[in-house]
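Sharing a structure with you now.
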């Protein structure tokens, strides 16, 4: 009772959403009532974000992990159709592919642009696989809208708040990648920008952070998966391709991602990695993809019994880092 | 002769600009001719970028360092006018001020928007100080154009290539800040995106990089100043306010920046730092600004004699990290 | 034939061990012979390091993963004996415990010293669990020798080359932790210091690296496990306790470590984490340890069938990052 | 009065040194009394560390900056004597040189050992320059004692607490380098280990930290100089050689170091950098050293007038980051 009164006072003063938690702790045989009113920087991610998102019949954040696969960039119509057929055959449930590519150098291949979106759409019509593709400006969102099912915000644009607001104004799911050296809190604040515009479908994606290690392109931070799952209800997927930058590490890191609770994987596939116009070093073949998907199911079955729902298991797995639900009486 | 022939062959094959260098090295009493044809990732920064930029009568990259000062965000019309008067009195040559603010949290003060640009313009009319202000989208560039003299691209948008192209299409000078953990090469590639659209007026800005140190908000990388000056002709300025995040460090780091060859400083000033709507911790008063400007002149006079031009001295100071001009005969 | 001749010439010139690899690559329908003679910085780690180490009947690096568990510091005789009994009951195969503790502040608890080693030895006599404990100087090695089965070199001492030489001169297995921000190459060079003194029993340990993330104490770099397994034959274990610094992340990260091929886990256990004299935040109870050990077996069985040896499977799993064995014909 | 009572209570409970500060702040026209009792992790660095240290007639931390110069490693008797003569002629006040070298690879040149110390001692007898040389173990301290004036603890050993205790037990000044990615707090805690053994002569050295930048070997963190000077009385010097790893950056960064308040410089000099047995890339010639020393004096004279003592000026320059002296009445 008093709890609600205090909370309403806080709201009146700050005019800003907050999360409240009340705990009864036992300390040295005494029970202590601890009331925490936190003006969390991501209240909507906590309360409004959808825990599962359905796209073209596929559920992301549901009881089974999903695999999104495809080439780094779409290179031609044939390439897109062939890639879609192959990742479908390997067992992927969604297709990824870049039409506009953010490249460090302006002289590197920048993608096919609008044609890229169109070829992906054709690939979808052929295979039924929903499409994930990156957008980098308000104009590209407009161009992509008729063709793409999930808008990807790349790591380089995680701090591009104007772009986050733009995708927030659409009602299309957004796959939001963690920035190159972004903290978990910054990633959730970026998600908040999208949610604040009314779009409740945000999928978080761990894709490796910059460290001093040179054997890998980035360092895949799998603990971020467990932390994110404990902080917010949003689905969390892992991109082991950018996360490691090396073909031979995709399979072990995919296994590890599922084992620590990821809702899915985002994997670059190219059947002639050496000829790929971008990121060939980290692309696997569809044959390897098939093996990875088999691993995913093995691990998922071993750890999460069919009887209980995946979500509940996870809840038990990752005891909350911050208790957000109170138990005041 | 043969050198030119080889170079032209490379160009024919790659259809891409490159830098060539030829060296005659002495090694163990033998002279070795070393020809290096490097498809540098930033050929235009090397060849087309302006080494000095004149804005409203002030030369950035000229024989004397410049100081750009003003509040983090414009908070009101009065605030803008007062701030301009004060930084002018303290000796600053340009004014900075934010109308649109990129904030990690969507719940933090986001700036006055268009009004901010208008108030800055009024401040300019009052004091004559040219205006530097940040833009974050194509739309904001349009809004800023009538009011702002130099477009600032903030650290969070250094990788926002669509925005870089947009400011590249204008003919207004661009102050490009280094990204949160960007390498020098990535900063120069970002400059290249602007130059490639035909805008030759790019000012580079070191503003601190993320490290593990917690006593400072960022770690100001002053060696980047000397490296940049040795790599490209573009003017390089230093932002000790974001670079350290602590008021008491602005003065020593401003001194150090000038001592190692920076073309100028970008400093946040607020006469009531505690009441500032953003970044109060790192704002200095105009009284301290005056002392800093006095230091700047003392160091500059001590190190760089009046007789010789500043630019030439620097050239001697920072022997080139990569020799780009050959001495083949 | 010629291959061997070239190799012997290299050795004659450098008088230094090296690794040679020969590959026949197919490129555009032509077969190309590529001979790589690399003066690797860690030749002994490649050629002399033991892939499995037997301590008190337990095989580290064998066909099944091992779990080393125990308190951060030994706090008393009772504490050591109780802890040993509990981790044995939970299914651990070795016991860890600190007698000398490297602490950032000289005012923090520094461990029980020699008594700590003695209590651990008593615990071993009670339970049969071999003991892993840290040493930080030549003198401590001497003190530990009668009581400890595996010498641990902590992350802070990975660059302490004099200490590495000292443990290299013993014939006791060494558990070598990766430094706070050490690269994989630096870790292998540290191992090389030990091997060069004639000690072939080195166990590598990933324990998290320093990054900008604040939700976790360190960032556990699980891709390092797959990279290390592909580079050298040495056993690789993972310490999720220091790697994350948070109790609730130990279980998901332990699962992930085994899934990506680790040979074992090093876990801090304390039955009253709140009262622990050091690192209480990251200690789990023996009840949670039991659940983790169950997970380890589930994942291992699911991924690595009983028929084939664990080692071979791994070989297939992690296709070599650098091909070190040639296939010249 | 009450202030002292509270303080004594804290001491009674914690039995540990602490720093107390009391402030009277004005906030919204009300005066607020703020009492802060901080159990600082480095109380002795605050209270017992010497602000200036006299070695062989040279004062480090006095009214003028000092320059310590010499080769990375001592390569022969002739080399040591020649180097000493040259750095003396260039204006250096102390000589540095490595006898035992910590190298990442055990196959790299490890130094001349004891002979190195002896040659340095001869160089001292010839030139009068006091000697700074690194020690890495208790045994090396013993060997160095008759020959070396200042013990250097290298970056790789900053966390080697057993070694810190050993040099703490001597009564020789210690030059303590910041660890590869150590925070300022960790550096001061390392100093505390030395002070706690009764050695009050600790010189702190900023030598660059590991970042993602690849143009420089490390990133010289000059803001650390200003922060350290504001936190503790100990002398602070800068090593631009390891701090940048590139010859052409030594001069600009030396200028910057003095401009932001460093008490001195530690510079690697080698008259045939290409033939140096270690770290040739970052060695400058004695001719450049002479120019740098001239710069040092120019900047120091320009910024710090002769009338007032250097120390007092600095005090004004760097307003304290943490107010440690109270003004309660």
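Quick notes on this one:
Residue numbering begins at 1 within each chain, and the chains themselves are lettered A, B, C and D in the order written.
The rule is short, and it goes like this: a contact is a pair of C-beta atoms (placed from the backbone, for glycine too) under 8 Å apart; a residue touches a chain by one contact, two chains touch by 3 or more.
Quick caveat: nothing in here was measured; it's all calculated off a predicted structure.
Here B-C and B-D were compared by C-beta pairs in contact; the pair with more is B-D. In terms of residue-numbered contacts, A-B and C-D present the same interface, as over half of their contact pairs agree; the other options in A-D, C-D or B-C do not.
Spacing of chain B relative to chain C, judged by their CA centroids, is 46 angstrom. Distance from the chain B centre to the chain D centre is 32 Å, each centre being the mean of its Cα atoms.
Listed for chain A are residues 181, 210, 212, each touching two or more other chains.
Residue ranges of chain D in contact with chain C, taken from their complex: 16, 41, 102-107, 136-140, 156-157, 159-163, 180-181, 186, 189, 192-193, 196, 210. By the touch criterion given at the top, residues 210, 212 of chain B touch chain C in their complex. In the complex of the two chains, the chain A residues touching chain C come out as 181, 183-185, 209, 211-216, 219-227, 230, 243-244, 246-249, 251-253, 255-261, 295, 298-299, 301-303, 317-321.
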